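Okay, got some structures for you below.
Next, two complexes with chain A in common: one pairs it with chain B, the other with chain C.
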Partner chain A sequence: MARKAQRLSFVGVLIVAVASSLGAQEAHVGNLTGHADAGKKLYKRFCIGCHGERGDGVGDNAPFLEPKPRDFTAATFKCRSTLTGNLPTDEDLYKSVVRGFNTSAMPSWAPLTAQTKIDLVAYIKSFSPRWHDEKPADVLKIPTETPVTIESISHGGELFQKLECWKCHGQEGRGDGPSASTLTDSKDQPIRPYNFTGGGRFKCGAENEDLYRIFMTGVDGTPMPSFNDVIKPVDAWDLVHYLRTLQKTRKSRENEVLKAAGGKLLPPKPEEKKPEDPAKEPENKGAGNGRK
Partner chain B sequence: MYVVAASKNNDSGRWMSVWSGLATGLLVLAAMVSLTSPSSAIPAFARKFGMPCSACHEAWPKLNNFGQVFKDNGYQMGNDRDSPISKDPSYWPVSFRITPHWHRENTDRVGTDQVPTGQSVTTHGFDLSGLDILTGGTLSKNISFLLTPSADNTATFHFESAWVRFDNLLKSSWLNVKVGKFELDNLLSEKRILTLSANGGSYRAYHFRPQGGLPGSIGADLPSPLATGIGDNQIGFEVMGHSKNSYTRYSVAVVSATDGNVSLPTNRGYDTFLTFSQAFEAGGLGLQRVGAFAYVGMYPTYGLTSGGNFLPGTGVGNKMYSQLGFFGMWYLKKLDVTTMYTRSKESAYLATATPATAALPIGAHDPSWNGFLVETHYTVNPQFILINRFDTIRMSQQPLDSLTKDFGNLNALTFGYRWYPFMNSRDGFAIHNEYSRVSSKGISPTGNDSISSSVFLGFDFIF
Partner chain C sequence: MRTKSMLVGVSTLLMSSSLMFAGTVSGKVTFTGTPAKPKTIDMSKEPSCAKQHATPLTTESVVTGPNNGLENVVVYVSSGAPDDGQVPAQAVTYEQKGCQYLPHVLPMHVNQELKITNEDQTSHNIHPLAKVNHEWNKSQPPGTPAISEKYEKAEFISVKCNVHPWMHGVFAVMNTNHYDLSKGGGAFKLPNLPPGKYTITAWHEDYGTQTADITITSNETKDVNFTFKAKAY
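This part shows the complex of A and B:
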């Protein structure tokens, strides 16, 4: 009898502990502070249909969606300012809620009030213990963008070949590279590489800085690896400039420069020295990363 | 709707005809309101985008700001998945809404043949609302549409909405053009009203007309008396714009002065509607909004006849009527309060149904009146909402000197709740319970106030 009471009291303590830890989850962006208990009600109103009651991405509507809704219990997020394998910052999540995800069912929730959005972020963080267990990761530092020149664009083109971006994205950036049809995400769902020629917004932002961040941090949960340990920042900007020229229908400084150069890239320069570790593959580490 | 009532010098015979007209009018109004259901939430969108009703609605059919942005964007989410070409070919954007219900209607002091001085008249029973068939969405990126064949509860159809809209012209959310039959850009929308009963199912300020005209003076050369309302869908075009988050919004509409009726039944006039609103965040309290609107219309007072009957569309002798309004939508977390003030005025010719070519009755003036509205909602959760509304109209100038100052003043109180037993992205269902009471000053046969009330228990479903 005493043992039963002990067990019951333990369960009670556990429930209270879980409930209080859930309620204690917060999110901070600027002057805003989000609270999970407020976010829970909002989540039920706005998010539950796709992401599910438990945040596992299996809401009522999930079977009909492509790509599938994010599984918050895995705490693997595509759009981060932190390096691959790490949790995103609160601001990353907030921006994702504001921006939505192009070509997916996730709309922009910008019309919601700032407090509503930050409360939702706080609640999203309550689905995985990682938010309690892991320390905040460092944020990728993005250096000032280099000038857009034909040299920069041409070098970016060389990197596109060298890093084998074309294998997934295709030589013209149409998302039809030889590996494209075999790609799956961390949930074994088929996934398509981004088609640059459509000119649509990137999933994680629309600016050059966003594009830089995307391939330097990688897109966790997908086969898109992080190149942060592979290329230097100045090379990364060159790659950004080249990738912009694949968006042929989009008005951009890069397309203007390329057009002024007759639409042709400069021939590749002979390599000055060999890479330090030619066998090194682009890294794709971290929990929940997808497979190639 | 025009009745002679409660003039200072009247006789009993005149009272009888007045009261018969009033009673008929009230019954027709009650029937009109109860037989047509407002268009509103559209589960076809929920199915298309996989969202529960609560994503776009505080409690359907009332929109939240996310829903407002979706609507303002031409039913587009803006994530390159809006065009029908990106959807499963089997997707068909059709929804139905109807409300089987039980209701009780009571009006006191109704003059009947049995009791000419007035008696209480009550009826109750099971009934049906009208039916809305809502089809809407995008024809292509940035071309949206809404078509709403709507029936009364005898299945007599008309088009409640039929419009096409060109969205984000010049790649700007500030320029959208809509053409067809549509709801004016009322943020206090009568098509999304949360109350459904005969007495509570409309905003009084949108439809009120001064009592005290002279029905006998409407001749064959007159089109039907002015009967228009800002809440009614109108036919014309609208230029509308909004900031990306719809915090700032404007709309200008020019519509045929036909109150949304087809085949140009009255005249060749045009009405203009303008509105502007601005929203701002107040920390954790929610989104607050203030705005204003103006409606200026012209309506004929006589027209050509053939065989003694009015020839449709030939109305002339236009006279003006107008309404100016200011509104605020105040959110205090779960509690929200909408306030609205309206100032309305119309020509004495319209108020007394006098042809512009004839002399006005002695003591006739352009009537004017003020309207006040306070509507409160307490959203317990997305599946349960409490509703309360107080509408009042105060005459500031009667159409005739013979009428007492407060003649026709109106108070309407409505309260109720809507309970949504489930919430998903396929359909909607609400159990709706409501009580509404309207009192009008001095318009009963004995010169006392006339009071009517509704009790409504409905099963409001949309699929």
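This part shows the complex of A and C:
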């Protein structure tokens, strides 16, 4: 009898522990603190229609949407400041809620109050145990942007060839490279590479720094890999500058510099440092990889 | 003092005897029916790889050998293995060569170092579609050093390269060191199993899994065979 009571109380403790751990899920951005229990009600109001009650991306609207709503239970996120394979930061999720995804049905939720958005972020983090089990990963360090020069743009153009970005994005960045038509995301849904010539903003932000972050950390869950292990920070800025010139119709410092140089890239300098040199900067190496 | 040394002696004897009486599970994996014909891979979009293959490669999801032998089946002790926590110090290597993964199926222990190399003149992106473990995706241009990774949980992970859609392979992350990959005639061997009860599982990427419960009593070789039903598509 005593043993039974003991067992029952143990089960009770377990239930309380699980329930409180769910309720205790928090999110922090600046001086904002989000709470999952508050977020749950808001989720039912704003998110459930597409992302579903269980957060698995199969809400009532999901069958009609392309691309499919994010499955929060898989805990794989596209827009991260953390290295590939890691969870995003709370701020990454918050920014995604603010920004929305211009290539999908996910709108910008900027009009919601800051507290509402951070509560939603906290609740989204209750759908996968990874948010409990893992320590927050380190954030990619982005050095100060180098000056936009024709040398930088030209070297970026060489990297675009050497790293074979064109295999998917196409020689002119139209998203029509030889592998483009075969691409699928991690749920086997067809996916298109970004078309630079449209000039539209990227999935994960509009600034040069966002572009830097996108190819260094990769877009997890899609064919876009991480280049953090293979591009040095200084070279990464060159690539950013070149990629901006592929957005031909968009007004940018890069397009002005290219125009001033007669619209032509400089020929490659063979005696210069090898751009594909694998020597890595120590600052991001292995950092933030919670698994190591 | 004397009892202690005696105890040590007895336990050493017991340990060595358990190895002395280690049994072996061996057998064959075969198939019945008619498997789908392997498809020829068109590598014309990647000439530097295409020229490495005198005869074009074919898909490797189902590889058969003589006498209906089925290759690339991971046969492992799924329950009862005596060494669950021992991670081998040596790394396993996964090679990208001629736009092909070598080997097609790579078994490894949980937390064992996995080295991934690119021997080609083209960039690959290595994209293991992990579901239990973390999904990551890394670019590996020619001439860059090996990528070093490890997986924390047991899982069969499908691996692909998005740039070269025909490239496909498997990481078989095991909780045990008692595993083997079936070879030409479908043969496999699991040695060094002390007396005990075991569940042996055979896993094939297209045909699924089969299990067999066995008991090893002494220094014996247990014959265990698995037969998969081939899919015609």
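Assume the second predicted complex is superposed on the first by the 253 of 292 C-alpha atoms of A that agree within 3 Å, B and C clash if a C-alpha of one lies under 4 Å from a C-alpha of the other, contacts with A are read in each partner's own complex, and residues count from 1 in each chain.
Rule of thumb we're sticking to: a residue touches a chain if its C-beta (ideal position, glycine included) is under 8 Å from a C-beta of that chain, and two chains touch if they have at least 3 such contacts.
Bear in mind that the values here come from a model prediction, so they are computed numbers and not experimental data.
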Room on chain A for both chain B and chain C (clash or fit): fit
On the A-aligned overlay, A:86 touches which partner chain: chain B = first, chain C = second, or both, or neither? second
Figure out whether A:96 sits in contact with chain B (first) or chain C (second), or with both, or with neither. neither
Have a look at where A:229 lands relative to chain B and chain C in the superposition and call it first, second, both or neither. second
Contact-wise, after the overlay, does A:104 reach chain B, chain C, both or neither (first, second, both, neither)? first
With the two structures laid over each other on chain A, which partner does A:179 touch: chain B (first), chain C (second), both, or neither? second
With both complexes superposed on chain A, which partner does A:220 reach: first (chain B), second (chain C), both or neither? second
Between chain B (first) and chain C (second), which, if any, makes contact with A:163: first, second, both or neither? second
For A:112, is the partner it touches chain B (first), chain C (second), both, or none of the two (neither)? first
What does the superposition give for the shortest Cα distance from chain B to chain C, in Å? 27
Residues of chain C touching chain A in the complex: 45, 122-123, 125-127, 129, 131, 134-145, 147, 150, 152, 162-165
Complex contact set, residues of chain A against chain C: 74, 76, 84-86, 162-164, 167-168, 178-179, 182-183, 186, 218, 220-227, 229-230, 276, 278, 291-292
What does chain A use to touch chain B in their complex? 38, 41, 44-46, 48-50, 60-61, 64-65, 100-115, 200-201
In the complex, chain B residues that touch chain A: 49-52, 54-55, 65-66, 68-69, 77-81, 244-246, 281, 283-284, 286-287, 381-382, 424-425
